[in-house]
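Each of the two complexes below includes subunit A, the first together with subunit B, the second together with subunit C.
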Partner chain A sequence: MKATISDSLEESKYKKVTDLNPEEEIAPGSALCAGCGGLEGMRLAMKVLGENTLTCNAAGCFTLISVYPFTPLKGSWLYTTMSGPVPAAQGVRDALDIRMQKHGLPKAEDLQVIVVAGDGSTNDMGLSPTSAAIHRNLDFIYFCYDNEAYGNTGFQHSGASPLGSYTMTSPNTPEHPAGSEQTKKDLFGIWMAHNPPYLATVSPREPIDLSNKFKKAKGMKGPRLFICLSPCPTGWGFDPKDTHLIAKLAVDTGIFPIKEFVDGKVIHTKRPRKRLPVEKYLERQKRFQHLFAPKRRDDIIAQIQSNVDAYWEQYDE
Partner chain B sequence: MLRIRLHGRGGQGIKTASQILGTAAHLAGYQAQDFPLYGAERRGAPIAAYARFSKNIVLERGPIAQPDIVLIGDETLLSDPMAAVTQGTDASTLIFINSRHTSHDLKQHYQLESLPVQLDISELCQKYIQKPMILSTALAAVGARLMGRIDLHHLLQAIREELGQGRLGPEKIAANLKLAEEVFQKAPSFDLEFSESDAGFSASRLVTLERRPPVDSAPLIFATGNMALRKTGNWRTHRPVINYEECNGCAICYARCPEGDIRMDTNDKPVIDYDHCKGCLICATECPKHAIEILREVESWN
Partner chain C sequence: MELTRNKQIMLTGNKAAAWGARLAGVDYVPAFPITPQTEIVETLAQWFADGHMHGKYTNMDSEHSMFMAAGAAAASGVRVFTASSSQGILYGLEALHTIAGWRVPLVLVNVSRALATPITLEPDHNDVLSLRDTGIIQLHAETAQEVLDYILMAYRIAEDPEVCLPVLVNLDGFYLSFTREPVVLPDEAEVREFLPLFKPSQPVFQASEPMARASAVFGGGNYSYFKIQHHLAAQNVVNVYQKITQEFGERFGRFYDAVERYRLDDAEYVFVMSNSFATKGKAAVQHLRKNGIKAGLLKLSLLRPFPSQIIADALAHRPKVAVIDQNLAPGMGGILYPEILKAVYRREDRPQHLLSVIGGLGGRDIQEGDFISILQRLDEAPGDDPLFLFDEKDLKQFDQLRQIAGFPREARIP
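Take a look at the complex of A and B:
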């Protein structure tokens, strides 16, 4: 039985960019920064998920997706506090279910409930309600656009800010030469420990991989969770035209593993054949420039490299 | 009091320019006030910054409606009614425009009341700091020079203080100082009169809001996908232009545009929606055939 399902999935897989849904599900005109990597990720995801959706959007950069009285979405949108998108999703899911069961709402009018939240909301303020919702097996899709800091308020440190990065609240100083001294929270690991039916990381640079993962998740029930690395020209300090280059380097250096967790197994869907040194990724961003000038901090760069190597050693064949 | 209004786009250093000007005027012995004003929008969206200088205490607050000097860092804003860069100006207002065009051409093209001051500071920024649209230092230098009340050494000290707080290394600060010096020498100087009175300000009447139920007061939107009514094409400083002779229709640009501003037409060729394209130039960078050219927006009326 299982074989048939995966066979049919195989047939309808996205193979090239021209297979993407030509309809844009997010209208242009939003107030997000030019070159936003998170918007590209959400745009590609919504192309798969379509308009029969209800998006619960946590406060964050994507507050600017909709600016009253305008919305770019064809589906419904509910704006919440930073810790509130998942409780909101539970509420609207329950409301839809009750209306279908007791008040004659036709099944055809059911909506896919989606949570859209940044890394601050996801890793910090909203983590506990999300844990509870996964535990309760809430039927929803979670899209976390991860730009590794509180971007909307001026780029303050979040649980997702990586080791060695400068943020407004983790500046590099003589006492703290690395900038951020914490390593990025392993959100994938935290969520994986809840054993959800589907969990994946995606990159806007890999539209085919991203689309296939959302397509797979769309056909499933229960909590389906996504972490999208979202290169941020404004906060990370690179030219907006290089968003995809930075996203590519994050994958090629092994810093951002592209993977999925399904049926109790972690599979790397875009494994870098030979990993580039991490500095190829770091040196192109202003938030890491203190690791290179005025004095090169080989110790910190080596620590970042060894963290990446240690990750991949777990999955050596 | 002397009132200066600065216009540019998010990411061009307009706020920093106003801070440098404020600090320079303070060092030169003036009471100074400087602050930016922008909405929720981001890098690329029009922003304004304000500065007030006086020998006496500056009690006036809020945006400047009738400036003595307007510094326009980004010429594309002149074509954008929403940016309102000439609002509250008259024939006596000194308007500076960062442009390659001559003062006469600018006056005619944008139908200005008086001849603007023109200097291509982008060219000088390119020369010294290799970033034509990072205008903080250059625009502050123009402002300081136009006022005619700030000496070069005060300006340079202000630049050291303001840029020293950021993440610029000593080499970049040195390059900014050289840039400021050349701009200061090239820009004309005026001895503007300081009006010593505050504009006739009186407190606005307090408005008490009526209590309404949440359904009335919550911002509800019943339209779908109406965001496209907001045109973000005016964010662009550079325009991507597809060379259809080179384009092989691979659709990479379409896939990579975060805004969804590129669609494939019936001949499988990409078409750019210039009403909304914010000019991130990802398409031009990612095009495998290098078939997308980049043009500076303001050159389009040559």
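Take a look at the complex of A and C:
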């Protein structure tokens, strides 16, 4: 049975960009920044998920998607609190199930419940409610736009901020030349430990990979979790036109592994054939400029490189 | 248990709350345990599990999550009940402000328990009064019967198109939550006539009705619009409550008002109280009356919205009034005292003396001697300083405890 489903999925896979749904579920025009990588990721995701959706949102950049009295979404939207979107998703899911089972709500009225939250809330105060919801096997999709800091408040350090990055609350100083001295929290590993039916990382620069992953997830039940790399022109310090280049370098240097966890296995769906040196990615962003000037910090760059190499060594063929 | 018409049984305050939810035909209970509330959600978990209740019971991971789930479910078209207490209310405070602003109808029970620090178990009202400014409607119950009846009426209030707000029913931990009292269980069919199954008066989430709710608002003027709407909806409850309690009384024979006027008509001394300790106050009134002292009691039931005019009317021409706050705002005093003061301020017929009393903190008993000392203070033409119900006996007990632990010095009166 499983093989049949995989086979049919294989046949219906998106192969090129022109295969993607030409309909937009998010209309252009919102208060989000120009060049926001996360919004591009969500736009692609929603093309797959369609309009019968309800998005529960955590406090963060994407709260600005719907500013009264406007919404660019075809589906429904509920702003919640910073740590509350997942329990709100639980309430909506439970309510719709009750109405279908007990009160005769037609199946056609059902909604796919989606959580949209940034890396700040996801890694920090939203982690415990999410852990509980995965444990309860809540039927929902989690879309984390990961710009590696608290972006909406002006770019402060979060659990996802990488080693060597400058944020407003991890500034680089002579005493602390790296800026952030912590490495990025392994959210994928934390979520994976809950053994959800589906878990993946996606990049707006890999629309086919992203779309196929959402398509796969759409056909499944239970918690389906996504971490979307969200190059952030304002926080990371690059020209908005370069979002795709930054996103590409994140993958090509191996810094942001594109992968999925399904049936108990991790599969890298976009494995860089030959990894570029990490500095190719770092040097283009203002948040890493202190690693190159006024004095080049080879020690910190080497540490970042060695962390990336150590990650990939686990998966060497 | 099979329900028969208007059966009277012995129930704890907590069991009465659970029966209220069951008779209300609740669809959904997101839950999290906390003493002294846990008996309510345990009872409901059992009833969902054994088929006495239909819908879903979900074990949540915190009160914050629980209130978010409750609000979101109410916004999605089901009848929701939940319960908490004390620290749980505080942990969920952000969510409670949030879902009140969502303008969703649901009912929650708070079983009052004093707040940390120090952590303790017995009741006072600092927990529920921390929700004073959320815009959640509050009904405070004295008896197990009131708990049940208020829950049924609370759904009518919450779901009224003029209101659309969460309603909280408060009962005291231990003194009421774990005390068994005779309770008339109304017939389920009759309850259904009073409270039909949930038909939302606002749009709810479903595929055919896409909508954005709780979107961000910019500009103080735009924000004010929503807040003032919320205020007006809460104020509507004063009239809606009178209509609903009248209908409830005609159907079930138990009549309620926003306040209870206990032997007020000729009273020279009035105790203003709420919740289970009002029973102690009524007993004191009876005793004082036997001794020729004209005492009376005003019990506050509807606390939000604050029925200022009803309270001012009830206290009109009463010479000496003591507001007994079972709570403390350190650096300010009792929380309800200034609200009562505000209610009567503009009235020519206001009481001559209004005394602020702080008592019953952390479940500290209020006994006959305390009521006597309140009368004495009222006769002294009191100022604004509160009278604390904490005496030599309390201090002696405190000292004895410390001596057992080997403390060298005696505690000083605070």
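To be clear about the criterion, the second predicted complex is superposed on the first by the 317 of 317 C-alpha atoms of A that agree within 3 Å, B and C clash if a C-alpha of one lies under 4 Å from a C-alpha of the other, contacts with A are read in each partner's own complex, and residues count from 1 in each chain.
Just so it is clear, a residue touches a chain if its C-beta (ideal position, glycine included) is under 8 Å from a C-beta of that chain, and two chains touch if they have at least 3 such contacts.
Every value quoted in this text rests on a predicted model; they were computed, and no experiment measured them.
Partners subunit B and subunit C, once the complexes are superposed on subunit A, run into each other and clash.
In the superposed model, A:K241 lies in contact with subunit B only, and not with subunit C. Of the two partner chains placed by the overlay, only subunit C lies in contact with A:S83; subunit B stays clear of it.
In the superposition on chain A, contact is made by A:A34 with subunit B only, not with subunit C. Within the superposed three-chain model, A:G104 lies out of touch with both subunit B and subunit C [touch as defined at top].
By the document's definition of touching, neither partner reaches A:P174: not subunit B, not subunit C. In the superposed model, A:V67 lies in contact with both subunit B and subunit C.
The contact surfaces that subunit B and subunit C form on subunit A in the two complexes overlap at residues 51, 63-64, 66-71, 73-75, 77.
Those residues of subunit C that touch subunit A in the shared complex are 27-28, 30, 54-56, 58-62, 64-66, 68-78, 80, 94-95, 98, 205-218, 222.
Interface residues of subunit A facing subunit B in the complex, by the touch rule stated above, are 17-18, 20, 22, 24, 26-37, 39-40, 43-44, 51, 63-64, 66-75, 77, 166, 204, 207, 233-234, 240-245, 286, 289-290, 293-294. For subunit A in complex with subunit C, the touching residues are 51-52, 54, 56, 63-64, 66-71, 73-81, 83-92, 94-99, 102-103, 105, 108-111, 128-129, 131-133, 136.
On subunit B, the positions that touch subunit A within their shared complex are 11, 39-45, 167, 169-170, 219, 221, 223-232, 235, 250-252, 254-261, 263-264, 268, 273, 276, 278-282, 284-286.
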